[in-house]
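In the two complexes that follow, subunit A is the common piece, with subunit B as its partner first and subunit C second.
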Partner chain A sequence: MINKDLKNYNLYLYLLRIADTSLIMSQRLSEYCGVAPILEEDLSISNISLDYLGQARFLYTFISEEVPNECTEDDFAFFRDDDEFYNLSISELPNFDFARTIVKVFFLSALQIILWNNLKKSNNVFLSGVAKKSVKEAEYHFEHSSGWINMLGNSTEKARLKTQDAIDYLSPYTNEFFVDDENEKILNKKSMAPLWSNFSKEWHNKINFVLGDTSLNFNLNTQFQSKGKFGLHSEFMSKILSEMQSTARKFPGCKW
Partner chain B sequence: MDKKKELPLWEVFIRPQSGLDHRHCGSLHAADNKMAIKYARDLFSRRNEAESIWVCKSENIFASNPNKKSSYFEVSVDKEFRDPQFYKIPKDVDYM
Partner chain C sequence: MESNKQKIYTILSQISDPEMPFLTITDLSIVRKVDYSNKQISISITPTFMGCPALDVIKDDIKNTLNKHGYKKVKVLVQLDPPWTTDWMSDSAFKKLKENRIAVPCHSHQSIRNISFKNFPQDLNAKVICPTCDSEKTKLISKFGSTPCKSLYKCEDCSNPFDYFKKH
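What follows is the complex of A and B.
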């Protein structure tokens, strides 16, 4: 659907990294629909999931209208294979338990706030427009997940341990957030998009500020770098895609 | 879920976008007031209904006794002289 010969390939790739992360995040969170620990949280997580879906759709629609070959937002979601997805690896990891799900939203929404706030300044009108709309959603996701982090981190020993486990499991995947490649550097030179490597300090401050009110810690002692945004995914990616894409692929063109 | 472990119940009041007063719109379970506000936002303002939200622990609301309905309320049914309907309202007062 997109290839290197396209005029705005750099921009599309940049947008797909954001859109794919939102789409896969949305699909993962939607797994909670009907099975969240309490009814209220069920609706909250579904709301967050729908926010992510909305962001992804917006970006896919934009790209599909720009590229010369005829394709739609659905083609981006349902007819690409895992090596054509550029989402951050953290989004494809299984929910596992509630703590891990909340920590994932916590990490990603903190990143999104910084990303959207920076993109507001983009000289690309479409990008700055999406950013203004989406930052409000990310701020709420961050508030919601921070509230849980605070509550779980100041709760029983069991809750604290589970949440610390979740932080320890997911934190290595945050190295990927702050890696730039040539693509981002090209866009940055054109003042279209910020470098994600510049987000690191602000992101860690944001996370540590919330954790500071709890006995939880963010300790990262690994150089491990996941490569989802470069199209290299974990074993979980093909499974989540097969579930998400099976209906659309079995009945091409099907409608609700 | 075990009854003992259920989170406290909260009453939710929202002020609609159109302004006016906060109105009771339902109840929900939440661990504390912050969480109750967030859940109220997610449950009762999904379609842009609210401009402001109040929550209050249900246990802090005291209600009149339903069994005393007759002695409390029905006694005022035939006392229309309590309505100030015999006053003439000055022209300058538009809405009373």
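What follows is the complex of A and C.
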């Protein structure tokens, strides 16, 4: 759907990284619909999932209206294979348990707040518009997940251990957040988009501010770097895609 | 020209919000701009939330309603910037919300940056007033409610649970 010959290829790739992360996050969180530990949380996670879906849809629609070949937002969601997705690897990891799900929202919403706040200053009108809208939603997600981190982190030993496990399991995947490539550097030079490597300090401050009220720690001692945003995914990616895409592919053009 | 625009606006002010039918889309100030030239209408709307599932329904409602009134060429554009805020809601919207037992957005929203999370799930928006008995003793039940724009509260005086239209 997008290829390197397109005039604004760099921008599209940048947007796909954000949109794909939101879409895959949305799909993962939607797995909780009807089975969350409590009813209120069922509503919360579904609502957060819906916000992510909204962001993805706006970005896909924008790209599909710009590129010369005729395509729609649905083509981006349902008719690309895993090597054409550029989401951060953390978004495709299975939910596993409630702690891991909440920590994932916690990490990603903190990143999104910083990302959207920076994109508000983009000289691309569409991008700054989406950013102004999305930052409010990301703040709400961060507020919600921070509340849970605090509650779980100050709760029973079992809850604390599970949450610490979730942080330890997911933290290596945050290295990927702060890696730039040529693509981002090109856009940055044109004042269209910020470099994600600049977000690192602020992100860690945000996370540690919340963890500071608990006995939980963020200790990261690994150089491991996942490569989802460069199109290299974990084994979980094809499974989540097959579930998400199977209906659309089996009945192309189907309507509700 | 101006009167045409005015007419269109009046028609739009009869279209209900799909999720809160007692409110119109103009009460909510979703309609940002009406353009009319060469029999072509173009209307800009701003969604309350990006993923708002009602957005597509609203778009269709606008087109269908205007078609019924004889306007055939209607284009509905989605405008994100400036982002929608509860500050744009009209007084009549606030009144209708209260009549339907939904607490209106309060203006003491505290920013996430200055708070500690020790009291979770206590309320972050200090004063949400019960739409039934006007008590200030209310408690957050869930930050997320039946639609993306509402949270769930409970009144500790009259014990009624109610929806709160989030300030944002």
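Basically, the second predicted complex is superposed on the first by the 256 of 256 C-alpha atoms of A that agree within 3 Å, B and C clash if a C-alpha of one lies under 4 Å from a C-alpha of the other, contacts with A are read in each partner's own complex, and residues count from 1 in each chain.
Assume a contact is a pair of C-beta atoms (placed from the backbone, for glycine too) under 8 Å apart; a residue touches a chain by one contact, two chains touch by 3 or more.
Everything quoted here is computed from the prediction, not taken from an experiment.
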Checklist entry - Which term applies to subunit B and subunit C once both are placed on subunit A by superposition, clash or fit? => result clash
Next on the checklist: If we overlay the two complexes on their shared chain A, which of subunit B and subunit C does A:Asn47 touch? Say first, second, both or neither.
Outcome noted: both
Checklist entry - So, does A:Asn118 touch the first partner subunit B, the second partner subunit C, both, or neither? => result neither
Next on the checklist: Once the two complexes are aligned on chain A, which partner has more residues of subunit A within touching range, subunit B or subunit C?
Outcome noted: C
Item to check | First (subunit B), second (subunit C), both or neither touched by A:Ser234 | outcome: neither
Checklist entry - After superposition on the shared chain, which partner residues are touched by A:Lys136: those of subunit B (first), subunit C (second), both, or neither? => result second
Checklist entry - Touching A:Asn10, do we find subunit B (first), subunit C (second), both, or neither? => result neither
Checklist entry - Touching A:Ile149 in the superposition: subunit B (first), subunit C (second), both, neither? => result second
Next on the checklist: Looking at A:Phe58, would you say it contacts subunit B, subunit C, both, or neither? Reply first, second, both or neither.
Outcome noted: second
Item to check | Overlapping contact positions on subunit A, where the subunit C interface meets the subunit B interface | outcome: 40-41, 43-44, 47, 143-144, 147, 151
Checklist entry - So in the complex, which bits of subunit C are touching subunit A? => result 47, 49-53, 79-84, 112, 116-118, 120-121, 124, 141-146, 148, 152, 168
Checklist entry - Residues of subunit A touching subunit C in their complex? => result 40-41, 43-44, 46-48, 50-55, 57-58, 125-126, 128-130, 132-134, 136-137, 139-140, 142-144, 146-151, 210, 213
Checklist entry - Residues of subunit B touching subunit A in their complex? => result 1, 7, 28-32, 34-35, 38-39, 42-43, 46
Checklist entry - Which part of subunit A faces subunit B closely enough to touch in the complex? => result 38-41, 43-44, 47, 143-144, 147, 151
